[in-house]
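Letters A, B, C and D mark the chains in the order given here, with residues in each chain numbered from 1 onward.
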Amino acid sequence: MFSSLWWRVGRFVRTSPARLFLLAGVVVAGALALSGSAAPAGTTQPMAFNHQVMVQAGVQCLFCHNDALRSPSPGMPSVGLCMGCHKTIAAERPAIKQLADYYARGEPIPWARVNYVPRFVYFSHKVHLTAGGLNCENCHGDVGHMKEVEPVARMSMGWCLDCHSKQTNAPQLRDCVICHR
Amino acid sequence: MSELETRLLDRGPSAAAAPKTELPSHKWTMLIDLDKCTGCNACVVACHVENNVPIRSEREVIRGHGQHWIRIERYWEGEGDAQRATFLPMLCQQCSNAPCEPVCPVYASVHSERENLNLQVYNRCVGTRFCGNNCPYRARQFNWFAPQFEGPITEMLNPDVTVRSGGVMEKCTFCVQRIRRVEEDALVEGRPLRDGEMVPACAQTCPTSAIVFGDRSDPQSQVAQRLGGQREFQVLEHLGTAPNVYYLKAGGSDGGAG
Amino acid sequence: MAEQASPESPVWNRPLPDDPELAAQVREIREKHLLQDARPPGEVAEKVLGPMARLGRVFWLAFVVLGGLTATWLVTWAYQAYQGMGVTGLNRTIMWAPYIVNFVYFIGIGHAGTFISAALRVLKFDWRAPISRAAESLTVFALLVAFTMPLIHMGRVWKFYWMLPFPNQRQLWPNPRSPIFWDMTAIFTYLTCSMLFMYLGILPDIATAREKSSGWRKRLYTVLALGWRGTDREWKHLDTTLNIFSYGIIPVMFSVHTVVSWDFAMTLQPGWNSTIFGPYFVVGALYSGVGAVIIIMAILRKALHLEYFLRDEHFNAMGKFLLILSFTWVYFYFNDYLLPWYHKEPILTVIFRLFTSGWAAPLWFTMLIANILVPWATLWSRKVRSSIPALVGVALLVQVGMYIERYLIVAVMLGYPELPFNWSVYIPRLPEILITLGVFAFVVLGITVLSRLVPIIPIWEVVEGQLLQGTRRIGRAIFPAKPEAD
Amino acid sequence: MTEKISRRDFLRLGAAGAATGVLAGCTSPRRWVVLEPFVRPPEQQVSGVATWYATTCRQCPAGCGVIVRLMNGRAVKLEGNPEHPLNRGKLCARGQAGLQMLYHPDRLSGPLLQSTRGSREFSAIDWNEGINRLFQALEKAGPAVAVFGGATMSDHLFDLFSRLLAAVDAPAPVIYDLYTELGGYRMLAQAMGQVYGRAALPAYRLAEADVVFSFGAEFLGTWTSAVRYGVEYGAFRSQPYGKRGLLVHFEPRQSSTAVTADDYVAIAPGSEGLVAGALLRIIADGNLGLPGRAESARGLAPSLDVDQAARESGIPLEALQRWARRFAEAERAVAIPGGALAGSSNGMLAARAIEALNVVSGSAPAGVNTTPPDLGLARKSLNTFADVQSLIARMRAGEVQVLLIHSTNPAYELPAAAGFLEALAQVPLVVSFGPIVDETAVWSDLILPDRSYLESFGYEVVSPDFGSPVVSSQQPVVTPVFDARATGDVLLTVARGIPAAAAAMPWGDEVDYLNQMVAGLPEAAYPASTPEEKRARFQQHGGWWPAPAAAAPALRPQPFTVTAQRAAFDGNETDYPYFLHVYPSVLLSDGRGASLPLLQGVPDPMTTIAWQSWVELHPATAGRLEIRDGDLLRVTSPHGEIVAAAYVTPGIRPDTVAIPAGQGHQDLGRYARDRGSNVVQLLGAALTDEGGGLRWNGVRVALARTGKRIATASLESKVGVTEGLGYE
């Protein structure tokens, strides 16, 4: 069967060489789609969590990410913390039922990480929020208005250095040891 | 609520304000009293655990691939009854004029003016090993093979320190992860660093307190006060590398000056 | 009264003088000097292109053997990159040994090639005509190999591009103060210069070959000849370009090997950080390079039956050149040892004692014999210089001597840093040996293949040289004389 | 298990999910990295910030206080507990490496059953079946039960074992291992009993001493508490006004203590007692030293010819006189009887002679002359080798139905002549509690793996106590990594089924028992009002210690006589020309450290060799026998033979050969297996003249080349280290 297919494609191309470029375009697009290296369509979070609704309901960043001021990692809210409110509030929504499921089974929610920094980079939220005088939105974008969290920028070295090299009164911020140890 | 939390609660992107507190610079120095070093290797094991330094197998040690960020060099001197051995703990001397920095082609071995340390950026190193050759103290250790941490031993790796891959040079960094953590705490609390707050793993576990660590730019620090005695010397001073590790000569008369 | 080549009787059938004694002298001159013994250009070209096209059994055997060794080199390199540098015999004290020795050795050989063709061209030594292309091909392949050596040596070779200066989002550049970065730039310039210089030299010959060949060779040569038609304008441009290149390459040659020596001179390693390393390495390079060219000349002469082109006068001249280089090398070598021996710096006395009476004594003495004793004892006599086997033997010994000399500097001296606790001895293991053999094989393979693809003797230079050569009669004797053509 | 949730259950349930990042696949990493938060976060757990727990190090019997750094629920670093009176914030190499025992890849997960002993075919069974098998055997055995424990067994477990055995009126547990034998713990305690009336392990305070004479005591390497002696040595060398004290070390081999000493005297093996006696004689005859010292020396000095003693011990007479004068004139002079004495035939005599020097200088050791307050806690008392022989006799006679072995490895540590393995055949059920399958577990039927000390509760009364009694507490710092179960819980579960034992051990589980014990403790240095707060503070501070009281009055020594003669060595001079000096390895101690790569891979201080065992011999001896580094030598003694690699070192007497203990395991995990050779095979089972200890220091050996060689895994360059420094 394959040889006939090959013959038919050959005929299709031979009739007008311009079609060769068409065929090539199709192949390339297919490869790109499959490899997923095209711009990510959106993270596959295990649960539909909408920041916008939470923020409009008056929940602050620090309420859930409560380690942000005292530890390098901001800390992910534990399932218990979610259930603290959602045992009663909007308990009938499907997403909340899904949450209650996780809690009942004593299983952690496998969130897909949105902002990623390689493991040889040491970033400290504590320092950036307090001494750095920054705010969550500076790096994570206006999460308060996002239905599903999207990375605002690829957190690469150049991106960090843009800010760090602007700190004229703290030139040591360009030291390698600030992030690599 | 502190002023800080109020600022965070109004949830707007605040201009990237310049950090309030000035980033202080330090002259980290280590003082090793050879009169007290008993060669017990506690510092060597403590350094391995703190900095995720891999332990190499017998075959690797035979071929000279043993990796220790700090090693006890034992030299024999004298003859017969006057037979003596001295223990010389040898680690990266954090030279201020480090011979390993100019030779690295990719800026993996760089100098930190603020910490007055010689840094080794593991993820930047491409493994030409020029720095290893040019270090007269042979304080730089190369990962000849990728390290293997079998089974649950990976659980005891220190998350503050990068676990190096094969083909990368590594060396004592004066436990820079501890220095950074202590500095970050001081920075956040807006206070200067206290002497003795920063102790590397080897100094903390040395039973005889032979290793003293501190910032010699602070005159009240333990290190600054004990520098300048007659017994003080530096290894290979004549090479002009200006090391930041000072040694105190061992021995001397039993009633003599310290 | 210079005997001018009159237009009617072309150079190649210039009549002998009728006086029998003078005729005997002219016959002897034509016998000795290639450029006097003119032949019709067609015949000269045939002498070169003929053997080139005939791929005999010996060629294919050599091709298979050398190809196999080159394959082992690449496979061993892949194995070492995959397993890690631990498979080599290196240890925590001696972190550089085999590959940096090869690196310095092959760059050394490379220098002689271009030096011979460029410098002798500038000095107008016409006898270099048949040698220059073989020497340049040696340079190109030696440099290709030398370029891969630091890459083989790297722990994470897949990140080698970090050593190249390209703009990147990390705002990180290679360290301009690092001798390795200088190496990288120096070798690049030298590689491109010598390749261009060789390619320009080959153009007219490829055009000749294009006319005389058929089949795939014809198609290949038409492409390679870049449409060379041999018009006066082209010859004019070729001549000026070659002159520019030959004037340009000589300082490049001197700077590249000085930069290579700075890999060692710029360090704190005892025995390395001496100021004489620059010239010492350059002269060492020329010394081993000229030896290598002699060997290549002898092999090509045998394989391609180039007896007509490579005569006794060439071997004799190269032999004398080798002897002179040996003198200069000895001067620099002992200059480097005299001072430490005199001021008795402790660690250098240890290394010195190691060489004279320690475990490294056999290596040191073979190096001295090979580099000094044998060349000085033999090369002064014309008989040795003109018997090709003897000369090649001496040249081979010089190669061995110079390789050991670099091995002593890199692999042995590195094992003796200032702190005695870390002294160590380097023992080569299988990967290094395979890679070193493979690399030698690659260079020889390159030259053999090149000599079968393109004419290895520059036909147009030989023919041009023969046209300009004449004889002059002074009194009762006739001398070869070159009228002031340019 | 009772309905009350103990602290361990809380940890197990709560910390179900730690935040782990799983990076997989090569597409944009963001999509595949999973971030798992806690389900119910434990209260003190902040991801990214370290939490510290205090517990006790059980790598050697000393019981130093340890604080453990935890990051995201994983123990990542051990540090000394700064508050702990024994080690004051410091740790030795073995202490630091203890963390690797917690996460060792060869640790057992769940009990194992071995069909035929020595077959190494283990079948995994669950805990219920394992405990039932033990229970049925114990119920049937009645009084025919024996417990063979090691010195690193925690005191609370010793108490539970003792209560169980007492309940079924079986003899008390036998506590004996190679580490305490090589350190001479039991022999020194007996000697102190004879000199001061209280048999306890002596502790010598060096901080204020002027002159210290150490007779074979490697106190900076492995003896009693190497960390505390390190701290003392640090203070000894930096006394006020720049005084650094004088340390003189008498030992046939130059150990790390010997090279740090100001003067090293290479005395003939087994002549420590002779030298001490000679010094006493010289002080007495020469009327040397401070007033009153010569008289007390005259009362104690043995009658011996000083010249003959000098000749026999290999020390010139004028040196002896010089040392005697220095010792007598020093205001605070201390003489330390070391572990090497325990192995000599005249060990007790030598210890008394050396203690006589202390009596003369008026500096009695700490921990001996003070009567400790009654803490109400059980405390291990070490047994002699004679007790082990009587246990083996009981086993051989078939009087033991069930043998429980905990924290010791007799199959590896006892000499073959002791006949332990043969006697084991007569015991129907042998139960081993080791976390890793070691040589003894291979000859046992049932293995109920105990937890590592970083995962278990308990207390340990610190020995030696430097003047004030200290109890170190243990608490689990992480959720148990393997499915091991605390032996204390196993015993209490089994005891519930045996009526007599149930009455003697009424507690539900180990934590109940500990809470009751801790509640009984008197007032501690830290304030604690209610029993719950006392229990919490006990674990938070890492133990119990009284507020620093005034130094107790020195106890008057009882009259005792000192006789001094050289130790006897078995094996005649012609067949076995060399003395064998056995010493515990600084890193592997008596062999229990061999399973940890951190201890195997770090070079030994004196030989810089890692992963291997070696025979140290003097360059002169090596020259005569044409032996080079790495030559495999056959070392034969009257009792056995081993093959080990030679290591030529100037730091030993020409007539002596030194081999460290620790290597030569057939089991104990992948890092210890088939590595080097076990020196214990050269030892006989003879007893010392007095005190019933094993005579391990009285053996002569012969050396023979096997012709084979191995490459030594040493870090140093031999050439560089010996001649290189002079650069000639």
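The working rule: a residue touches a chain if its C-beta (ideal position, glycine included) is under 8 Å from a C-beta of that chain, and two chains touch if they have at least 3 such contacts.
This one's a predicted model, so the numbers in the text were calculated from it and none came from an experiment.
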Q: Would you mind checking which chain's C-alpha centre is most distant from the centre of chain D?
A: C
Q. Any idea whether A-C or A-D has more C-beta pairs in contact?
A. A-D
Q.
I'd like the most central chain, judged by C-alpha centroids against the all-protein C-alpha centroid.
A. B
Q | Rounded Å distance between chain A and chain C, as computed from the means of their C-alpha atoms | A | 58
**Q.** Centre-to-centre distance between chain D and chain A (centres being mean Cα positions), rounded to whole Å
**A.** 53
Q: Could you give the separation in Å between the centres of chain A and chain B, each centre being the mean of its C-alpha atoms?
A: 36
Q) In angstrom, rounded to a whole number, how far apart do the mean CA points of chain B and chain C lie? A) 48
Q. Can you list the chain D residues in contact with two or more other chains?
A. 716, 721, 725
Q. On chain B, where are the residues touching two or more other chains?
A. 66, 73-75, 107, 124, 160
Q: Among the residues of chain C, pick out those that touch two or more other chains and give their numbers.
A: 93, 419-422, 424
Q) Residues of chain A touching chain C in their complex? A) 156-159, 161, 165
Q.
Quick check: in the complex, which residue numbers of chain A touch chain D?
A. 35-37, 40, 43-44, 67, 70-73, 75-81, 102-103, 106-116, 119, 151
(Q) Quick check: in the complex, which residue numbers of chain B touch chain A? (A) 4-5, 7-9, 11-14, 16-23, 25, 107, 110, 112-115, 117, 119, 121-124, 160-162, 173, 176-177, 180, 184, 187-188, 190
Q. Can you name the residues of chain B that touch chain D in the complex?
A. 33, 35-42, 44-46, 48-50, 55-58, 61-62, 66, 68, 71-77, 81, 83-87, 150-160, 201, 204-210, 251-252, 254-258
Q. Where on chain D does chain B make contact in their complex?
A. 71-72, 74-80, 87, 89-93, 95-97, 99-100, 102-106, 210-211, 220-221, 226-231, 233-234, 237-238, 242-246, 254, 256-257, 259-260, 262, 264, 266, 481, 586-587, 597-603, 605-606, 608, 610-612, 650-651, 670, 675, 711-713, 715-716, 721-722, 725
